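Reviewing the structure listed below.
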């Protein structure tokens, strides 16, 4: 069976997902076959279809649903819910980019739809598919870190430090739902849940440093999402956590990092060096810089010999391989829409805690 | 004039302060002369006096005050207030170890006494005297980092991850006042104030992972201070901050680090590499690893040629040089008891916020 | 025009080159079209052709030459010369893996054939196509490093430290020509020439630590190539250089690194972190860690936004883009067979210098 | 018994040695007592004596020998031989700064004098007394690295890249004997011998990039020592080595680093982070960053708790402790004058090899 793919959105993410589909046949020959059937969009969609090698185009996502088995929803956050729910109701499989929605309510409705559907849902937390992060997960699940005491995750960028940087939909509550908290923080929250477990209490804080930004000729538009957030959390298993993100951390470029400390070991990760994991075991005298490129490492036998590093884009290849394989096999995929909704609940709790100044129990 | 020194306490800190006094004549020949007059303590005080080259001993600190010009108060936290206040009331200069007290109330009384006294007070936040940290301060004061957006400070250790590690006074609320928050967190809070400024709001969280510990033969004693804390703060100047410490961060050894991000630059510091400061200026494409050992760096002309690194202990030499010089000159020293009390107010706010689950406005 | 490709060899390198061809259409849409026409080999060639999507197969490379426009020669070193020369004589373009040949004489003949041919020749020194290394080249060419004083290049691995590791053709002088010197050292020598310029004098040293290795059941075979080499060189422009490689450097995994120091600046590169370049300019106080992923960096606009790192395999995509573009445009490509022969002359000089114990003037 | 010290020379090294003597009583209370008896020199010797707390001064080193038990010879290299030999002939103990002499002949005579004397000789290779380097030595001696395959040692500085930097005695063959090779290279060669063993063959290369330098008003003086050297060596135990130094490596500041790779493990050291050793053991997946500050580390119980780092100057304290203790006990000290002469033989071999272009067998 060949799965017919419909893709909604074709910017930066469209390129990353197209590339992932492109690479399955050479590296994951057992992945299901796919046909890049239809691209959905309004602006220059035909050119994009040619670039990304889709055979059809439409500006009407409802029409597209008639022709596809799988929807890749890469639109802005406020366009995640409706098409994804409609697809799931027709048992069309959906991979939706993160954060799952622009509000908690939408995310809950999406998770409910996924639960009711026989189709597979996936939320695009691609960093779960970094081999070094999966290696960390293996260590934790094998008990090598003991009981987890601390999770510390940050995702910082500097590109909005400049007050003259222009407005975009990512700076609008209506379209994005949250700022750094949604865009960057959703990744950190997902990794916290993936590696440590569910979060029980949240004290959150958000800040908007720059309240309006240029928009066209001499105009400005209001920024009503956060430039930065922080959160203190307790996990159900007793660990403490600190989460943070900013778009106004000068000098930082896509700096997504975390540390996990347990009673018997610890790990540290930094996206700029995504093939590496710093690992401390029991009696070690220091952290080891482990290059996670061995044959028996996650996806290690798929790519290149040890020491021949892979890049950011490979996470999407792994993600698609797992998602498409789940469609053909047991239908179970992580992270699914329930995971996406769980992250949205934390985002919502951070926002509410910031408003009330109070700790939120989830 | 030779300043007669009395030193209360002579453990690890006694050695660090004695070493500092020892080194002034060779490296800071313009420092005031001191005489190591009397050592105050109860256990093996004579042996300690010989080791540290003090000429007299006593087990009665009140008696010692009759004979000295300067008190170095290195006792446990709950013994900071009474002798320090008595000394200040007699216009004896006092350098007291950190945290300034075991409670906020004591710290306030100490600051009041210092304010009323003509003597110089100093709180032993020795990390202010790391050249690389003073270099960071210079950059910030010169405006090279622009408006500060983020302070992120952590001080983590792993030595209490082991549940069989024994009880000590540092684990008792009565004697220490706080755990990691007081011992390690006080340094971070002081550096935050030194580099960024006063703190306006605090949301804090503390945790005790291990509630009792071995004490002698088959006995245990209760641990009633925190093993770890975290805090989210806002500074008066608009910056956001995250502070954290733990004694249960496996694999970490005296890992005291911080980052400051402004709108035009950023710096990063890590105590294990205390001669280095990571610096990002305006249009730089990355962080520079600056070795802060040049002649025109703080204390750079005092020690060795560029690239000949100094160690942790040197912070105490600088601290004593500044403190003793202040005694002879204008009487102004930073950090003083007011700085120590300001830190204690934050510690107290973290504890109250943890209890109430609410943000505290200072 | 569509270029018909013939590929000789299909192991690890076959996968890397196939992947490169696969990715041109999405990322380099202006690259010439290619048809994967024929795969040449003896063992399981049909399965490989299916995997790599070639339409024809043969065990006779001479027959293949009748049908192709481009030869990718990925065979063992001793099979580089004959097919490459035959192809060039028929004006078939050739990209040959490195080192160019197993002997200097073969390499000279290959360079002569390339010179006489109207076809484009390329030697597979893929590291020239790492964006961070091209960034280093740009800095050097712009004079930002001043006059070059020092080049220091090493490529070390640990996989032959284990004496029970088995024999392979790479350990045979007949098949490989040289050991670490040819396999790893050729990359370093090429980078030295690329970044600094031609080499004038060489003092070389080679060593074989393990003289025979297991081969099948209870048998061993002789190792007659080097396990490690070092060389001291002078460049024509007055710089000094040190080159080294080893397959017996325990703990190292594909550790390809270099430094260049000039009178006004310096750069440092490490393959495990291939998106980074350490850069020191004039009055900087330290090395900057530059993430070479900006839009105006080499190939920076082709892949992903800043901070979204690429991997080892991307060097082959860049290499093919440049090679195929040269075929369609002016026919000029670097590194060509003359570059490959120049490297072989240095390899040969290292071997001769080791034998004679004397400095060789080239 | 109190040892009367005479010190010849009182610049930068005078300060380092004085500081070391100063610190023995607090940190090494079992060290022999010393009296800083007489300072030898011509320029401002009385001021120096006051600063360094010596009771007598002279401009005649022969006269000083009448009054002392120990000579610290810190003069320029060409003044090492005569006073040191005269002292040893009178059974006065001598610690002489490195390199031991300005020529091999002088060094041989000094070693012969030491051999004939009942006094203790010491060459000032202070880096042997870095705890992390002694930890490396322990690992090697315990066999944890297996058979050593590679030593790679470099010591690079950038301070002479500037052509306008002035002339000094260190740039004169008559006074210094060698340039970077003697000043920096002697340290590397000594560490190579300390960690790996004796050197059997040498191929060396030296370069002078800048042939004259400013000297006073509008004058210049000739530079007739090397600005940089490199050497390839074989050790008696079968290891290979590369040694290098430069004073024209822009961007480097006192960068003294080495790596040792054996068949079972490896270590890496960098002076800027002198409390750390990178260690790889057998099956480890990466290098561990070991902070060598534990109580059972070399000198670990003498200084501060784990994680409280020491500096460059501490190497001199350890050196004096060992030297003075040897005087009072068995008279055996490493590195002694024979070690100093062994280093000088390698320096000489590098120079001869550079001239002849030939490998030298020692």
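Think of it as A, B, C and D in the order they're written, each chain with its own count starting at 1.
Simple rule for what comes next: a contact is a pair of C-beta atoms (placed from the backbone, for glycine too) under 8 Å apart; a residue touches a chain by one contact, two chains touch by 3 or more.
This one's a predicted model, so the numbers in the text were calculated from it and none came from an experiment.
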**Study point:** Of all other chains, the one whose Cα centre sits farthest from chain D
**Key:** A
Practice item. Between A-B and B-D, name the chain pair that shares the greater number of C-beta pairs in contact. Key: A-B
Check your understanding: At what distance in angstrom does the C-alpha mean of chain D lie from that of chain A?
Key -> 55
Study note, to complete from the structure: Expressed in whole Å, how far the mean CA point of chain B lies from that of chain D is 37
Review point. At what distance in angstrom does the C-alpha mean of chain B lie from that of chain A?
Key: 41
Point to revise | Of all residues in chain C, the ones touching two or more other chains | key: 276, 284, 286-287, 291
Point to revise | Residues of chain B defined as touching chain A within the complex | key: 145-146, 149-150, 152, 154, 156, 158, 161, 203, 205, 207, 209, 228, 230-232, 234, 238, 240, 242, 244, 246, 248-252, 261-266, 280, 284, 286-287, 357-359
Review point. Which residues, counting only chain D, touch chain B once they are in their complex?
Key: 12, 15-16, 18-19, 22-23, 25-27, 29, 51-53, 157, 253-255, 271-276, 291, 293, 303-314
Review point. Quick one: in the complex, what on chain C touches chain B?
Key: 276, 279, 284-291, 294
